[in-house]
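When the chains are written out, they are named A, B, C and D in that same order, and each has its own residue count from 1.
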Amino acid sequence: MPNRVAIVGTGQTHHCTRRLDVNGVELIYEAVQRALADAELKIQDIDGVIIGNMDHFEGINYVDCWSIDGSGGFGKPTMKLTTGGTTGSTLAIGGYHMVASGMFDKLLVIGWEKNSESDTTGAITTAFDPIWDRLVFAGAISGLAVEASVYMATYGVTEKDAARVTVRDRRHACLNPYAHLRKEVTIEEVMSSARLSDPLKLLDLCPRTDGACAVIFASENVAEKICPKPAWILGTANRHLYTYLGDADFVNLPSLQRASAELYKKTGIREPLKQIDVMELYIPYSFAGLSWIEALGLCKPGEAPRLLWDGVTDLGGELPINASGGVISCNPIGATGLIRCAEAALQIMGKADKRQVPDVKIALSSGFGGCFWSDVLLYGARKPL
Amino acid sequence: MDWLANVEAMVHHSRIKVPYTWSVGETGSRFFVELRDHRRILGRRCEGCRTVYVPPRKMCARCFQDTGAWVEVGPEGTLLTYTIVRYANELQPVKAPLAYGIIQLDGASTGLVHLLGDVDLKAIRSGMRLAPVFQEKRAGTILDIAYFQPVKAA
Amino acid sequence: MSGEKQELLVMQSGEKEQPFHYAVGRYGSKFLMELRDHKKLLGIRCPKCRKVYVPPRQVCGPCYEKMHELVEVGPGGTLVGYTILRFHFVDPETGHPKPVPYGYGFIRLDGADNAFQHFIDVRDESKIKVGARMRAVFKEQRKGNLADIQHFEVIDPVKEIGKPL
Amino acid sequence: MERVAIVGVGQIQQERNKVQDTFADMVFEATTKALEQAGIGIRQIENVVSASNDFWDGRTISSMAINDACGSYDKNISCVEGDGTFAAFYGMTRILSGAYDTTLVVAHCKGSESHSAHITNAMFDPLYVRSLGVDSIGSAALQARRYLDRYGITEEQCALVSVKNHGNAFRNPCAQLPLKLTVADVMKSRMLADPIKLLDASPISDGACAIILAREPVARKITDRPVWIRGVGYCADAYHLGDRDLAECDALSKASQKAYQMGGIRNPRKELDVVELYDAFSYQELLWTEGLGLCGRGEGGKLVESGATQMKGEIPVTPSGGLLSAHTVTAAGLVRIAEAVLQLRGGAGEHQIPGAKTALAHGVNGPCGQSHCVWILGV
């Protein structure tokens, strides 16, 4: 029988624009120490490490090997997983399978990035095909801007609708001491911010961030001994539908539609808006906060603006999204998907402090990256059957 | 005729040139500043296992705790192993053939990878005593030590 | 030491670069040869789902079928989505800032089922709309790479909102 | 714990420069061959784990290039950055977790597309080591010298590995560099970095490999010759070369002990019928045989001299010709697993070790064997 798996500890750095005081390994060490402290474990208790980031942001080859001093991987099974923006969520899914397999009891999962060390757009551009993409492609922003142009043309959604997503996430971030941008913005400020890549403006977009996140996954025989109220993993799913950017269907992120449909089927979710208590979504730019929640089945295509304006996804609403402030407030890329996982787990554990949503029983986190790829995980307060 | 048989296999010659600015961090910065300003080589000791790390580490990987005291090491040390690289690559700071060694500085528990210089390449042996030669103009990098050279017998 | 603000250093890679010699592969090479020699754009058709992909590649992802049948596509097409890049960023092929602004669009070439990305001419921004009719403008001097296409230009702007793809 | 089997493997010709093929073309060929060998279609593959390296591929998110080609469309997929043996481990856990019945593991690398010194220099710390210009050969030479000095291993003993493995490569149709050599040939070959000479080093290679894993009941339906995963372990050593005693390989010892314990191997020298090593340099085979406990510390030289590791010896090591005959970096470890599987299924053709029942396959990540992965397979 596969083991049930729960998250029993999390640790994050205080994410910010640039951490000159620490190198990459030391940044990782900081998050790992916090996760160990949170779970009241020692490194000797940990029986394996998985770590991830995107190589060309820091120009480090074999990061699993390079990071040993800070990751706690010395003398332990250590492995690197990486899938671009989805890296953090890919790591979380990896943490689940490796512990569920019975090969590990307590696995340390680490995502990190020091985006201050290179030009983020320049580095992301190297993620795409050297022959077919790099001539014209300009990092994630260009691809997302194209997606936004298609979404607007398809459903008549406006830039102002999208701005409402930024306003929500930035307001929530003020409650999260670890978030990078902790200052509220208004619709007007978003609308009048610098135009970077039509229709996207500066405040439609995530910042670039230095940060690390560590999460400890534990098997059922030890989880409740470590943590009285662990966050149980109920299911995971993902899709990498495209190899070529031009193959992408830019309407409502099909990879997320398919991954979430699989997740819901596996976990018995029929009405996500009603059944799920909080979502931590990898929403790197404002329009995704509309289009992608349609992909997640929270409403019909084109109807997300109504949900946003009605406050359904605000803290205090029916289904709060990104109580942490989300990616628009903080994006150390290789850590970002794992931060979503950590924040969802904190909500289940009841340890989210000022950003806590009351009485969370079911939470969902997502990851986005690569060639419009998606990862999703579902968490529960109750040990799964 | 199958078109695949008549295709010239093209190659796209390109490069990845992303400029990096790596943070050295507090611990490493102290090491490089001492090297640059005082030609001193510093290590950091783990108070758990007493390992003295050179280059200094903020943390001890084995004990997984912060290291403690700064320790001045060397400047002389012992050659643990070496090689003479005969081929050129574009990244070498000096012309090939060039010699590398791992040097355990006096007072350090670990070895430092660096260049060997001012030495008869045929005379390099593990266990030989070495001393650093510092650059006149120092910038706060590992190359502020130009190389290690054999210590002349007293 | 204490009390003084510590000097924090950085290391820079400067002008260092990593050279690569990326194989285009026979499928991509065929496309670039036709582009260079005949100003023609080629797609490849999946024998199972009949979809035509540009640029040509060996495998249809969804069907996992090997493809072989080349199909001429374009040079006209429809604008699926686009943006105008206005912010400064480092071009990883040069290590230096890429000239902006420039138009970047996905064009569904006539006869193809997926989209092809390239520069779009944005000198008259008012003409750029999702659904606009576009055509490829070829360079006179062609070398067998994607830049043999200068850009795509609008030949017929559309007013109504069309459902893309 | 439920048993997991390998039910099909696919290798392609390893070559110096597969200039006609993209990463995707290589992966498609390897995957198709693995499916053919297993006698199943891509629809029977429930999930995929790929292995690649962004620096070698000149592309961050290097896995993106091969998604169509590995048949992962509309499936769950994940990507390991590093050697294929590690990806295979993750692939196995995705079955043991109860999530999937089958996993396809694919790995690829094209050494021909990059300049190896640039790629391997980037393994080293940018603050303390990189500006010295150290690359994989120079760092390996530091390890070789330390090892040779410590135990009195001779360069001739290292050369014997090269002679053996290049010779073995003649019998492996997928190997790139079969060579008929003498110890003198190796000793006379151009010195790269003392004590490593050209014929002590592995070539630049292009290649890909795929294997298919399945849980027991499914494996038995697919094939009547499943190869069982009996044990697997992996472990990382310290990063900074000066933090490690390079003459030892503690991480390999630890990884192999885990694998032996899981696989019930008490005396590896006696119980293993064939060993496939990640021998990027000739001295590494000697050092790794020590780490695996096939001989005592410092006895790797004597082991190869005794002839025990020859094709017809007591414990044949790397009958495929190994990395010395084709070094496909991230694919190279997965090739070792594929080779072990061929041996156990009696399908290794001219390089078959007769009656092989238990095999060991080995992979490495990082400089000077920092991180090792050890597999015990059996029938």
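Following the convention adopted for this analysis, contacts are C-beta pairs under 8 Å (C-beta built on N, C-alpha and C of every residue); 3 or more make two chains touch, one makes a residue touch a chain.
Here the structure is a predicted model, which means the values were calculated and not measured.
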Specify the chain most distant from chain A by Cα centroid. B
Name whichever of C-D and A-D has more C-beta pairs touching across its two chains. A-D
Quick one: report the Å distance separating chain A from chain D, using the average Cα coordinate of each chain. 33
For chain A and chain B, let me know how many angstrom lie between their CA-based centres, rounded off. 37
Roughly how far is chain B from chain D, centre to centre by C-alpha average, rounded to an integer in Å? 29
Two or more other chains in contact with one residue: find those residues in chain A. 20-21, 23, 56, 59, 68-69, 74-75, 118-119, 122-123, 126, 130-131, 134, 241-244
Chain D residues touching 2+ other chains are 19-20, 24, 55, 58, 67-69, 73-74, 115, 118-119, 122, 126-127, 131, 238-240
Pull out every residue in chain B that's touching 2 or more other chains. 7, 9, 11-12, 14, 16, 18-26, 28, 61, 91, 141
If you connect every pair of chains that touch, what shape comes out? Choose line, ring, star, complete or other. complete
Contacting residues of chain D [partner chain C, same complex]: 18-22, 24-25, 28, 42, 55, 58, 67-69, 71, 73-74, 110, 112-115, 118-119, 122, 126-127, 131
Interface residues, chain B side, partner chain D - complex: 7, 9, 11, 14, 16, 20, 22, 24, 28, 53-55, 61, 80-87, 89-93, 98, 100-102, 104, 110-115, 126, 141-143
Under the stated contact criterion, what part of chain A meets chain C in this complex? 20-21, 56, 59, 118-119, 121-123, 125-126, 130-139, 141-142, 145-150, 152-154, 156, 194-200, 241-251
Residues of chain A defined as touching chain D within the complex: 1-2, 23, 52, 54-57, 59-69, 73-84, 90, 93-94, 96-98, 100-103, 123-124, 126-130, 236-244, 258, 262, 369-371
Report the residues of chain D in contact with chain A in the complex, numbered from low to high. 1, 24, 53-55, 58-61, 63-69, 72-82, 86, 89-90, 92-99, 119-120, 122-123, 125-127, 233-240, 250-251, 254-255, 365-367, 370-371
